[in-house]
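Okay, so subunit A shows up in both of these, paired with subunit B first and subunit C after.
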Partner chain A sequence: MAYPMQLGFQDAASPIMEELLHFHDHTLMIVFLISSLVLYIISLMLTTKLTHTSTMDAQEVETVWTILPAIILIMIALPSLRILYMMDEINNPSLTVKTMGHQWYWSYEYTDYEDLSFDSYMIPTSELKPGELRLLEVDNRVVLPMEMTIRMLISSEDVLHSWAVPSLGLKTDAIPGRLNQTTLMSTRPGLFYGQCSEICGSNHSFMPIVLELVPLKYFEKWSASML
Partner chain B sequence: MAAAPEPGEPGKGKPFKLLGILDVENTPCARDSVLYGSLGSVVAGLGHFLLTSRIRRSCDVGVGGFILVTLGCWFHCRYNYAKLRIQERLAREGIKNKILYESTHLDPARKQTNGGSSGN
Partner chain C sequence: MSNSFSSTKAWMHGFLAKHLQFHIVGTFIISLGTATFCNFAVAEPGNKAYADFYRNYDSMKYFEVKSKAGIFQSAKGFEI
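What follows is the complex of A and B.
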């Protein structure tokens, strides 16, 4: 989950998010070096006595500042496309969960074997127990098995919402009349928090998502207890 | 005694970010790359100045050296880091498979032994 005054990403809990973190580091280093170069050039321009007000052509420098940015952009684009295609790999999910966005809660359906469905409302601040997280806890968490590929089908019953879990690198719009799909795979057990990421009305900030990733046998016990 | 920081929280206040963007404390390879880049910058700039006594050009060489050395160290370190991560993942999955499938027909050690003996 996020901590106060956080600026960076949350720790990765899925292979895709790990790849995204590394891509972010790679791109940020390039941005840092370009920024350093630009700052240096600005300081040079502010302190030079040399001025030439009638330059007509500058073929060499124009070639350099065309080719070099193209190379830099290719260096950024190739890893980016690699991750993009990695996200769309065919991976035969073992479980399918449907989630519907409502104003202002999420509902979940596990219909692969039996009909299990429930709503997930945020716990109001006044009802939180000590140690629970404000604006993030829900009454019914989404319990899922860890280390298994899960298909999430996301839609909405009313207005646009967005189902997002940052530590798993997931964000998918919930659009009424449309079914969006994303796959989820967590490498470790734990609680993973997210919040609705598309403005949907007055309580848009108060419809969080909590995934509880557990070993398969605990998931089986939980799903049996919920039926 | 101060309370231990929450998991994921920076230990001593906000992390230090170069130019406000690059978190050198928590990004793997960032600190080493920037330090080597600084060293390369000083060596290149100073060396150029000692050879030519041109101050401005030496500063330009220093900045260019910083960028090139930082970039070179960064890619070298990240490539090795990526290889290490892949090896760690293979080792982890090998250990997990060994524990899961020991004494079954899916045991990786049994498959290797059968492969060796069938070659005889």
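What follows is the complex of A and C.
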């Protein structure tokens, strides 16, 4: 979950999110490289009285500052595409869960074996128990088995929403009339929080997502108890 | 009309070129140094932290600890 004064990403709980963290470190390093280069050159230009007012051509430096940025862009694009394709790998999910966005709550359907469906509303601040998180807790969490690949099918019953869980590196738009798919795999048990990520009306900020990742046998007990 | 002063071509001493040659090297040292610092101060410790965490990671042990803390709706306490 997010915490006060946070600057970076949340801790990764899935292999894809770990890859995204490393990619971000790599790209930020390139950003700092270019920014420090530009800052140094600007400070150099501001602190010299030397000029050259008769420059006619500069073929060599123009070649360098065309080729070098192209190389840098390739160095960013290749890892980016690698992760993009990694997200789309065929991975034989063990479970399929459908989620529908509504104004202003999420509903979930586990229909692989039996028909299990429920709504997930945010717990209002006035009803929170001590220790619970404001604007993040829900009445019915999405319980899922940990360390297993799960297919999430995401859509909407009304307007655009977006189903996002930052610590798992997930964000998929919920579009009415369209079924979007994403794959979820958590390496750790625990609670993972997310919030609706597409403006959908007055209570857009008040329809959170809470995933509860537990061992398989607890997931099976929970799903049997929910029927 | 004749000019009383003859104009001569200005004598260039190469100060700007020398200035730029010196500072081009400095620019690359600073920017590559910044990138290297970012890599070894931020990226490498982060990679190491994840590698160390997952080296001997036992998900059931972490589940037991979190379950005993009572955070799960689906696993109250730690019943087997």
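The rule we apply is simple: the second predicted complex is superposed on the first by the 226 of 227 C-alpha atoms of A that agree within 3 Å, B and C clash if a C-alpha of one lies under 4 Å from a C-alpha of the other, contacts with A are read in each partner's own complex, and residues count from 1 in each chain.
We adopt the following convention: a residue touches a chain if its C-beta (ideal position, glycine included) is under 8 Å from a C-beta of that chain, and two chains touch if they have at least 3 such contacts.
The structure displayed is predicted, hence computed values, not measured ones.
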Between subunit B and subunit C, whom does A:119 touch in the aligned arrangement: first, second, both, or neither?
neither
Which of subunit B and subunit C A:146 touches, first, second, both or neither
second
Go through the superposed model and pick first if A:3 touches only subunit B, second if only subunit C, both, or neither.
first
After lining up the shared chain so the two structures overlap, which partner does A:218 touch, if you call subunit B first and subunit C second: first, second, both or neither?
second
Considering only the touch criterion stated at the top, classify A:157 as touching first (subunit B), second (subunit C), both, or neither.
neither
Report for A:62: first if it touches subunit B alone, second if subunit C alone, otherwise both or neither.
neither
Touched partner set for A:191, first subunit B, second subunit C, both or neither:
second
Winner on subunit A touched-residue count between subunit B and subunit C: chain C
Overlap of the subunit B and subunit C footprints on subunit A, listed as residue numbers:
22, 25-26, 28-29, 32-33, 36-37, 40, 44
Listed in rising order, the residues of subunit C that touch subunit A in the complex are 15-16, 19, 23, 26-28, 30-32, 34-35, 38-39, 42-43, 46-47, 50, 54, 57, 59-60, 62-63, 66, 71-75
Contact residues on subunit A for subunit B in the complex?
3, 5, 7-8, 10-11, 22, 25-26, 28-29, 31-33, 35-37, 39-40, 44
The residues of subunit A that touch subunit C in their complex are 12, 18, 21-22, 25-26, 28-30, 32-34, 36-37, 40-41, 44, 48, 50-52, 140-141, 143, 146-147, 187-191, 212, 214-215, 218-219, 221-222
Could you please specify the touching residues of subunit B with respect to subunit A in the complex?
6, 8-9, 14-15, 17-19, 21-23, 26-30, 33, 56, 60, 63, 66-67, 70-71, 74, 78, 82
